[in-house]
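Each of the next two complexes has subunit A plus one other chain: subunit B in the first, subunit C in the second.
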Partner chain A sequence: MYEIVVGQLAATVRILTPLALAALGELIVERSGVLNLSIEGIMLFGAFVAFITTFYTDNPWIGILSAMGVGVLLALFFGILTVLLALDQIIVGLSMNILAMGATFFFYRAIFGWYVSPVPPHVETIITEMPIPGLSMIPVIGPIFFNQTVFTYLLFILIPLTYIVLYKTRIGLHLRACGEDPLVADYLGINVYKYRFIALAIEGVLGGIAGALLSISQYNMFLDNMTAGRGYIAIALVILGGWDPLKMLLGTLLYAFVEALQLRIQAAGVVVTAWFPYQFALMLPYLVALIALILFGRRIRGPKALAKPYRRVR
Partner chain B sequence: MVHLESSKDYVVVMKGITKVYPGGVVANRNIDFDLKRGEIHALLGENGAGKTTLMKILAGCLLPDKGEIYVKGERVKFRSPVDAIKKGIGMVHQHFTLIPSFTVAENIILGGIGGKREGIKLDMKAIEEEIAEFAKKHGLPINPKARIEELPVGLKQRVEILRLLYRKADILILDEPTSVLTPLEVKELFEALKRMASEGKSIVFVTHKLDEALSISDRITVLRKGEVVARIDNPKSISKEKLAELVVGRKIVYKAVKTKTLYDKTTPLMEIRNLKVLDDRGVLAVRNLNLTLYPGEILGLAGVEGNGQRELVEAITGLRRVEEGEIVILGKKVTNKPPKYIIELGVSYIPEDRTGRGVALELSVAENLIAKVHDKTPFSRRGILNLKSIYSFAKEAIEKFNIVTPSVKTPTMYLSGGNIQRLILARELSFKPKIIIAEQPTAGLDVAATEFIHKLLIDFRNSGCGILLISADIDEILKLSDRVAVIYGGRIVKVYDEVSRIDLIELSKYMLGVKTE
Partner chain C sequence: MKFKLKYSEKVKVIYTLYPVISIVIALAILSLVIYIIGVDPIKALYYLYFGMMGNYNYVSETLIRATPILLVSLGLAIAFTAKVWNIGAEGQLYMGGLIAAIVALNSGGLPSAIAIPLIWICAGLAGAAWAFIPAILKAKYEINEIFTTIMMNYIAIYFTSYMLHGPLRDPVSHFPETPTIPENTWLPRIIPQYRFHAGSLFSLVVLVPLVYIMLSRSTLGFKLKLVGSSRESARYYGVDVEKSIIYAMLLSGFFAGLAGANEVTGVVFKMRPEISPGYGFTGIAVALLGRLNAFGVMLASIFMGGLINGSYTMHRMAQVPVGVAYFVQGLLIILVVAGEYILKRIMLVKGVSVR
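Then we have the complex of A and B:
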């Protein structure tokens, strides 16, 4: 029993990590007033690029770095279209996602051939757990929290850090001002463009890592559309958390728990009854997110200027 | 006028300012304007005269297409409001530039210029103390921890002024600061302005209220259609009538004739019984309210802002749920019916929140004009819009209601505040309403427009319409109403059947809740 519970919780944290990293990036961007749906595409591209580079260099760290780079590029591209040129954020985001899906599908085949063998290419060296000496030996807590990849530790530093920056510093105040009313922020001398672009760059880095973790840490391979809507889930989690990093983490925890459970159900091959096939389990995490949004989503108030293009009139 | 720009007495000299908006509206044409140290200078003009545009140029929010600006003897070219504030120029905009969900202190330090604490870390406690101190020192006390959205307008404006002072502005521009204030708040504001001027600050006071310009300013500049038409160096020497003529460019001819008592109490148009309505926070805002409106009367609803007026109006127009009680219009129960049903009964609504509720800013003038009847002939047939009849109707309405707009297809957001109000009136009054709910119908409007609207309302009353007039302007209520109801704490505490007999002191007491029946 101990094994099962700890295993389930450790898996929860493992699944949570990429999702929460992406959601954190999205949260920062949304606080600046930009709704970046292309986080899905950024993750997918991150996963793809990380896989390819790791496949050819055998160095997962180069994989991570290149995923970060491609994430930043995509986020800045999104920024040029929506922040600089003030195009519709929803439309640009969705288009970029479709593009990412098509492009990764194409390049994967261009590189590995059109007829993918029954055993898809794998990466040998991957980002693995980095147990923290001492701490990882603590019963229960140890294996759950301190026997994870370095990015989980990074996440648990970034979440409180973001919280502090958002609410306790001038930078955070100004960032939130951009999200509430860019015109007012602009009038008061806050460079709205700068804040939005920096936020996007941060999201690019985090989203790239999040995608890379899927391909070169969790699955050892790249699959078509392997993010499977996790970018959108990240956006839902930002909303569910009321744009607050701590609450967002709680929501992500719930989602990741259900997803871990779902994987277990699948892996164990448990067919609970005839009307509970594993496909139903696959649906569970999304269902939980939806129900949570319906229950709590209505009372939440987001940044006022979210998704509204801002054009400076001079 | 030789070397004004290098003179010590003139803190601002603007020469030959021209501004053309994208879309081709010439908002300012070759304007000269100057401001002396320590004076209060009124900038007067009708809606759309270009007052806001000129001041936004001075405050660095807009770039002029032509012209020179000198500040304290130095030629300047502002590229942003920050450049302007560095030269000591700050502006309180017509629409506040505060962030509602932030606190007073956060709003004041936002942008981080002029404060003591420049560091990255926010020590809110120290900042709040500093600001409370600062506010008291300037005679404008405020609670720095309060959230802006919880403050009444008067205090919001105070925060705006404090922010300018905190940023060390010594040239203050106030764009129509009084149009949202109660008489008491206006008095306080004037005192503060006079005190600041005597301390050497220079103030531009944008308004279209003649009395205010005459009473507070040291000099007056009058704009009309983007040009300076008069400079008055001694406001004491000019009569109000003369000034009105300068502003409008002609004698104001509207003279509404109110026929004697028209209404008869046998057939009410609208009856409200024991109404209970909640506000946004879920607290009872309207408690057991009873009110009857008769055909052929203007019923003035007097009251201090926030006593349930908003919720009452929203309940009548179907925008807010009624908890208890009922509303009967023309014999039909309309409680909790959808707005469309109520509109089709002939209820017109002139909302206070013009840009939020009155018009869709992105839509064109023509589209806004037919918004409530877009599904009726001749504007559409079998679900397809008939653009020809829409545009010809819009052209007529623009003509009739004097809406200044480049074309019927111009997005409404490019219209000046006064013209947006005219557009709303045109829409609400063009289709033979039986009941008109007029919420602050003339707030922010110039003399001519106000007269125009008053005449319209009286004409409708004379033709048998019932009008519920909600206004913070007591003079307006007394001028127009046949009867006056006083609302306090979500209840009607007094109804005066004869306006001429109203004792103002007693009325104020009812409004403030000191006296109840």
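Then we have the complex of A and C:
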């Protein structure tokens, strides 16, 4: 019993990490007044590029770095179209996601051949757990929180840090001002474009890492559309958390628990799947996200200028 | 004879031709990629053309492939006009296909003239019902429809998979699929020896003009445009914004459901888990590529249908990896979205009317 509970909770934290990293990036961007739907595409490209570079260099850290680079490039491309040229953020976001799906699908086959191989290509070395000496030996807490990849620890530093920067510093105040009323922010001498671009770059880094963790840490291969809507779920978690990093983490925790449970049901074999078909297990995370949106997503007030293009009066 | 165009007129001409220009740019980028992979781009593009419309059979196949995309994107054009972002066409298509197969299997020897319209209407209603949940959540509780429709896509696809593995499975088949539907529910073919069927003809000849008139001439179309341009001003003019959002969503769900029925009654003759290779998402690209205009959407969907079929020919004959169609689709949508809006901005500054 102890084994099962700790195993389930450790899996929850493992699944939580990429999702919360992406959601944190999106939260920062949305606080600056930009709705970036292309986080889904950034994660998918991140997963793809991390897999390819790791496949050829055998070094997952180069994979992570290249995923970060691609993430930043895509986020800045999104920024050029929506922040500088003030195009519709939803249309550009959706379009970039369609491009991400199509391009990764095509280039995966272009690189690894078009024939159907019985064994899909996989990488030998992946990002593995880095137990913290001492702390990981504590019963219950140790294996759940301190026997994870370095990015989980990074996440648990970034969440409170974001909270402090957002609410207790001048930078955070300025960032939130850009998201509430960019015109007034501009009058007060805040460079709205600069804040939005920096926020997007941060999201690119975090989204790239999040995608990479899917392909070269949780799996050792790339699958078509492997993010499967997780970028959209990350945005839904930002909304459900009321654009607050701490509340968002709580929601992500609950979601990741369901996702871990889902994997456990699938792995349990015929005994369980006989009365709980695996399709329902697969459906569960999406159903939970939908129900959560229905129950708690009503009229949550977000940043006032969210998704509204801002054009500077010259 | 010499043509002298003013700068503003030039911009207008470029704007009108821009979808064609972006197709040329996308194919140029594709050729470059194909060249890098090590395939002769001229040969590849020739087979792309050949698979699109090399002979009458390929033309017929292109139109068949285009039909579900056309149906989905006609619906999405309606929704997007009101800035209702229905991303759930894929799920609505699956629900439509599922209901179409169930109704067809239980149609008990009804004459085709009754059975087929009945199946199509039921499938459309199933798609609309699946869209109703996000619609009501959007209209009444302001819950963003993008996320609810995405979640409902996955729920619909897994639900269909369960039904096809379980209750609806054909006991004789090796695959998770329903039994073949009775022949009286098959869409009749129009031209002997070609697969071009009544569903394609009906969509092209009846539904396209219908949606065009609805969007450009009817009161509902005008209301949807108002809601799309500004919710506040629509409310000011006395438009029931909530109702319009629900109508937009239901109509797009209905059309996606029809796309499912079209595949079941016209192409596959049974329901399968892989009934749609992402038509719901291709529809988004096509709706935007066709500028939310029914005839534009028709041309764009025929191009996409041809591109998908042509990419298979290109794969068979020139060893270009599959998935080219989805790559070009992604390139196209970025080119169109970025380029068109920039052109529109220039026209706005120069005072050229966009109509």
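Quick note on the criterion: the second predicted complex is superposed on the first by the 306 of 314 C-alpha atoms of A that agree within 3 Å, B and C clash if a C-alpha of one lies under 4 Å from a C-alpha of the other, contacts with A are read in each partner's own complex, and residues count from 1 in each chain.
Following the convention adopted for this analysis, contacts are C-beta pairs under 8 Å (C-beta built on N, C-alpha and C of every residue); 3 or more make two chains touch, one makes a residue touch a chain.
Fair warning: this is a prediction, and the values are worked out from it, not measured in the lab.
Asker: Once chain A of both complexes is superposed, is A:R109 in touch with subunit B (first), subunit C (second), both, or neither?
Answerer: second
Asker: A:M96 in the overlay: touching subunit B, subunit C, both, or neither? Say first, second, both or neither.
Answerer: second
Asker: Does subunit B (first) or subunit C (second) touch A:Y286, or do both, or does neither?
Answerer: Touch partner of A:Y286: subunit C, not subunit B.
Asker: Considering only touches as defined above, state whether A:L37 meets subunit B (first), subunit C (second), both or neither.
Answerer: After superposing on A, A:L37 lies in contact with subunit C but is clear of subunit B.
Asker: In the overlay, answer first, second, both or neither for which of subunit B and subunit C A:L223 touches.
Answerer: Neither partner.
Asker: Quick one: is A:L87 in contact with subunit B, with subunit C, with both, or with neither? Answer first, second, both or neither.
Answerer: The answer is second: A:L87 touches subunit C but not subunit B.
Asker: More residues of subunit A are touched by which partner: subunit B or subunit C?
Answerer: Touching more residues of subunit A than the other partner does is C.
Asker: Of the partners subunit B and subunit C, which touch A:I62 in the superposed model: first, second, both, neither?
Answerer: A:I62: touches no partner chain.
Asker: Could you list, by residue number, the parts of subunit A that touch subunit B in their complex?
Answerer: Spelled out, the residues of subunit A in touch with subunit B are 168-174, 176-177, 180-181, 183-190, 301, 304, 313-314.
Asker: Under the touch definition given earlier, write down the residues of subunit B that touch subunit A in their complex.
Answerer: Residue list for subunit B touching subunit A: 22, 61-63, 80-82, 85, 97-102, 106, 109-113, 119-122.
Asker: Which residues of subunit A touch subunit C in their complex?
Answerer: The contact residues of subunit A facing subunit C are 37, 81, 85, 87-88, 90-92, 94-96, 98-103, 105-110, 113-114, 228-229, 232-233, 235-236, 239, 277, 279-280, 282-283, 286-287, 289-290, 293-294, 297-299.
Asker: How about subunit C: which of its residues touch subunit A in the complex?
Answerer: Those in contact with subunit A are residues 33, 37, 85, 87, 137, 141-144, 146-148, 150-155, 158-159, 161-162, 165-166, 278, 281, 284-285, 288, 315, 319-331, 333-334, 337-338, 341-342, 345.
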